[in-house]
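Two complexes, one shared chain (chain A), two partners (chain B, chain C).
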Partner chain A sequence: MAKELMLSGCAAAAQGAKFAEVEVICSYPIRPYTAIMMELSRMVANGELDAEFVHGEGEHAQVSVVLGASAAGARAYTGSSGVGVTYAFEVYSPAAGGRYPLQMAIADRTLDPPGDFGSEHTDAMSARDQGWLMGWASTPQEVFDNTLINYRVGEDQQVMLPQFVCQDGYFLSHIPDKVVLPDIAQVREFLPPYSAPHPLSTTCPVSHGPQIKPDQGAVMDAQRASTFLIVPEVIEKAVADYNRIFKRNIPPFIEKYKMDDAEVAFFIMGAHANTCKKAIDQMRAQGLKAGMVRPRWVRPWPTKQIAEAFQNVKAIASVETSTSYGGAMRGGNLVHELRATLYDLEKRPLVTSFMAGLGGDVILFEDFHFMAKILNQMVKEKKTSKHVYWIGFEED
Partner chain B sequence: MAIKVPKEREVPFGAITPAPVGQQDLFMTSNWRIVRPVIDNEKCTRCFICYASCPDSCWSYNEKEDQMEWNWKFCKGCQICIYECPSDALSAVAELDFEDGVVRLEKPF
Partner chain C sequence: MPQAFDYQKQNLPPIKSLRHAPREEMYLPGHRTCAGCGPALNYRLVAKAAGKDTIFIGPTGCMYVANASYLCTPYAVSWIHAQITNGGAVGSGIEAAYKILARKKKYDGPFPNIIVMAGDGGSVDIGLQAMSALMYRGHDVLFICYDNESYANTGIQTSPTTPYGANTTFTPPGKMIPEGKTLFPKDPPQLVIGGHPLVKYVATTCISYPVDLMNKVRKALNYDGPSFLHMLSPCPKGWKFDEKLSLEMGRLAVDTGMWTLYEWENGVYKYSRLPKKYKPVGDYMKFQGRFSHLKAEHIAKMQAFVDEKIQRIKAIAVEAPIPTPKKKAR
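This part shows the complex of A and B:
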């Protein structure tokens, strides 16, 4: 029977992996994601979960181990944080190119230098173009849901891609919230056992990861790009099935909050969206028609849904939570994708960006109110006078 | 919106192929060779040093003909075998000097 527990984001991810009945797990410690592996090792040790638990000698080894396990036909699970995510970087592209639907949980941690344990999205965002599915959760419940949904989408025979299932470090990974755990029978209906099309085998030998010729490289790129064009349909179907089987109401691509009549809006990813929603309630009480859009996916980017959600808005604040030094807007990553997404709209909203939630900073109510003030000013002046504001470092 | 890859250029899914026996003919890797080793069978003593020194296993011994055989599909022209040959039986000849030289290919294989 379904039951409700108070779980941190890490515990919810571990439960997700357990309910997905993962067969191979590879761990290496780094805060804050490491709590996921602590949970899983306990489950394996006490017989709750029948999986091979491998200790990697580093993150590069971790992803290599699960790549091998996936190639042999196992449902494989690993994870990391911060510099661990970047240490494994080399293996990301072959994991996607070889079409191994393994899953990697990421609980964000700011990159060095110097060591700072706080949450920031730059670690995972750096890997967004490696051909993996990628998205952020905003609650422990969503971490659990995304773990199952990502396996289902990644293992679809048309898709066959690895997945980054991301959550904010600490804000989400270490703060408990209510999580409804379903019945295992429901999960098995939603997520059938993984069946690899061409697994490594001694009875039917196949060759994985051969050297290809220069003129085959572009072809493989094009084949992967074609796959990403159909991923949205697969996500839509998977989320519809999830909602039906688990009696839930998850939006497939983006979460919209009070967007029906919004004149100004926030574009924000991950757990900071929870603060943003409360700030919007305060703004609405003061008479400002504010709203919020939160993408559940970064890859594939929900271009159509985001453009539709913002088509009647006058000004948008893109809240970055990651860095892109020297980028087109001189701030974060999200604003580049957002502005590109809105470019073809007939009535293009004004867009600016705010550097916030960096290095473990909390985004406060007053920060959202500061952003709203800038948005109001932009609407009044009918122009974007500045492309990036650094929260806490602006002259006021 | 769909991306079209011509049938003849398609690559197996994830480049996963049946396991090759001996060599992988689907992915030949010698088209950047600019010289190739040519053997003088009079000088060759069948000492197998070329076989042992090739990083891509491109030399083998043909027992019936009693001579060394060169694999044009995978030799990159690195010339290690030429350098290592103790009897001076190997020499580097420009690909341009051969009708089937890989530098003459209109389309890389």
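This part shows the complex of A and C:
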């Protein structure tokens, strides 16, 4: 029977892994994602979940252990935060190139220095080009949903890719919210047991990951790129099945909030979207036609859906929770992708970016109102006079 | 975790002589290793001893780059590449997967021999952390360090097992550093024995003694839990000797005390082929171009290092006979 609980993002991720009946788990402590592994180790210890729980000796080992497990045919789960995410970097490309559909939960965290526990998207975003599926949740419920949806998409035989299932550290990972836990029979209908097409086997010997010659490289790259072209179809089908089986109404690619008649809009990822929506309600009460688009995926990037959502908007605020020092817009990462997405629109909206929520900073209502003021000014002046604003550093 | 679950552990019988060794090859010809390659022969013997129910993990190194060419790999059993850093971790994951798949009845064959075949760098340098963690956690995996005493794949750079005095492309002898490499090597088996309570079996081998080698592989695999083999694999290119002398280099290494064949089983040492009278280390070094720049004082330093090691062995040695090939079979 389905039941409703108050769960933090970490607890929701652990429940997601439990309902996915993961078979090999590899842990290493780092805040804030650690709470996921604390939950899972408890479940394994008390027999709630039959899985091999391996204490990895670091994040690099965590991803390596689950890579091996996935290669042998098991459903494998790991996770990390902050510098842990970057410590494992070497193994991301082999995991994706080897087409191992393992899952890594990331409760994001700022990178050093200086040491900071706060949430920031830079850790995971720096791994976005490693060939994994990737996306952020905005509520504990969505963390749970994404855990199952990502396994389903990643394990699709046409896809076969690992998945970063991200959530904002602390804002999501440590603040409880209502989560509906389904019936295990429903989950099994949605997510059948993992069956690896070519596992490391004693009866049918295979070689995984041999050396290629340079002229074979482009072929494989093209194959991986074309896989990402079909992932959207697989996501669409998976989310439709999810909504049908669990009686939900999750948008497959992007969440739109009051976009139907929006003239200015926010583009924002993760838990800060919740504050953004409340701020939009306040703006609407003041007569400003504001809206919001929140991508649920970074890879594959929902190009078509984002472009469509913004086609009638005059100005967009890209809210950056990551850094891309020295990048084209001198601010964050998202705005690069956003601007490229909108380039082919007939009526191209004005786009600027706001560095906000860095180092675990809260993005306040007043910050969104400040952004709205800039957007209004841009609409009036019909131009983007600055590419990046640093929230808290700008003159009012 | 149900302790009592029967994972169908294999039990490989000892091999009496080369003639009794399995005929089936699990590491086939067609790879691109150098003539006289010690690690390739080592691989062949390990694969032969382990048999068909085996999974190899091959961290980056010579035995990756020269063997596993796309569409043409020499492995007749399953094999997976690992990074040079993470052979131990990938092996751990494979073992964990087979345990849960067996428990869930998704796999019902004999528990595979899971073997990490790492070079010296992948074992005790950049791969040390993953290897040690595997040993500590007690996975049922055999970790092999095939030691050719350098990063040979990248063009012979010094590794922690490169001997003192060796000329490598990172330790070239010069006016200021006449002996080339100035450090003495790490001791891989002692690293494992020293701090991993779940390890019950550690041994050293040399390709020049193939029956001893294969039996140690089988013994290691038969142990339930982690085991470690340190396997001397002479490298004609890296050590700069005539490629027809690969086996002779192994014998001379043992005869001079540069290499010692032993087993460590549940805390007890057994040495084999301990020479009654050791040859001087110069007899071994003179065939190898990597030592050709050394002066008498450097060779004396090497001799002192080996003499000290021999004294240590004598203090704990319990010589035990091991099956060795008869002259005819050789």
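We adopt the following convention: the second predicted complex is superposed on the first by the 396 of 396 C-alpha atoms of A that agree within 3 Å, B and C clash if a C-alpha of one lies under 4 Å from a C-alpha of the other, contacts with A are read in each partner's own complex, and residues count from 1 in each chain.
Simple rule for what comes next: contacts are C-beta pairs under 8 Å (C-beta built on N, C-alpha and C of every residue); 3 or more make two chains touch, one makes a residue touch a chain.
Keep in mind it's a predicted model, so treat the numbers as computed, not measured.
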item	value
Clash or fit, chain B versus chain C on superposed chain A	clash
Chain A residues touched by each partner, larger count belonging to chain B or chain C	C
Which of chain B and chain C A:H208 touches, first, second, both or neither	both
First, second, both or neither for A:Q223, with chain B first and chain C second	first
Partner chain in contact with A:A13 - chain B first, chain C second, else both or neither	neither
First, second, both or neither for A:P197, with chain B first and chain C second	first
Touching partner for A:R99 - first (chain B), second (chain C), both, neither	first
Which of chain B and chain C A:I280 touches, first, second, both or neither	neither
Residue range of chain B overlapping chain C upon superposition on chain A, of 43-51, 61-69 or 97-105	43-51
On chain A, the residue positions that both chain B and chain C contact, one per complex	205-213, 216
Residues on chain A engaged by chain B in the complex (per definition of touch)	97-100, 160, 197-198, 205-216, 219-220, 222-223, 225-226, 229
Residue ranges of chain B in contact with chain A within the complex	1-3, 5, 9-11, 13-20, 24, 26-29, 31, 107-109
Chain C-facing residues of chain A, complex	23-24, 26, 44, 50-52, 54-58, 60-62, 64-74, 76, 90-91, 94, 193, 200-203, 205-213, 216
Chain C to chain A touching residues, read off their complex	1, 52-55, 57, 64-65, 68-71, 73, 75-83, 85-86, 88-101, 103-104, 106-107, 109-110, 112, 129-130, 132-133, 137
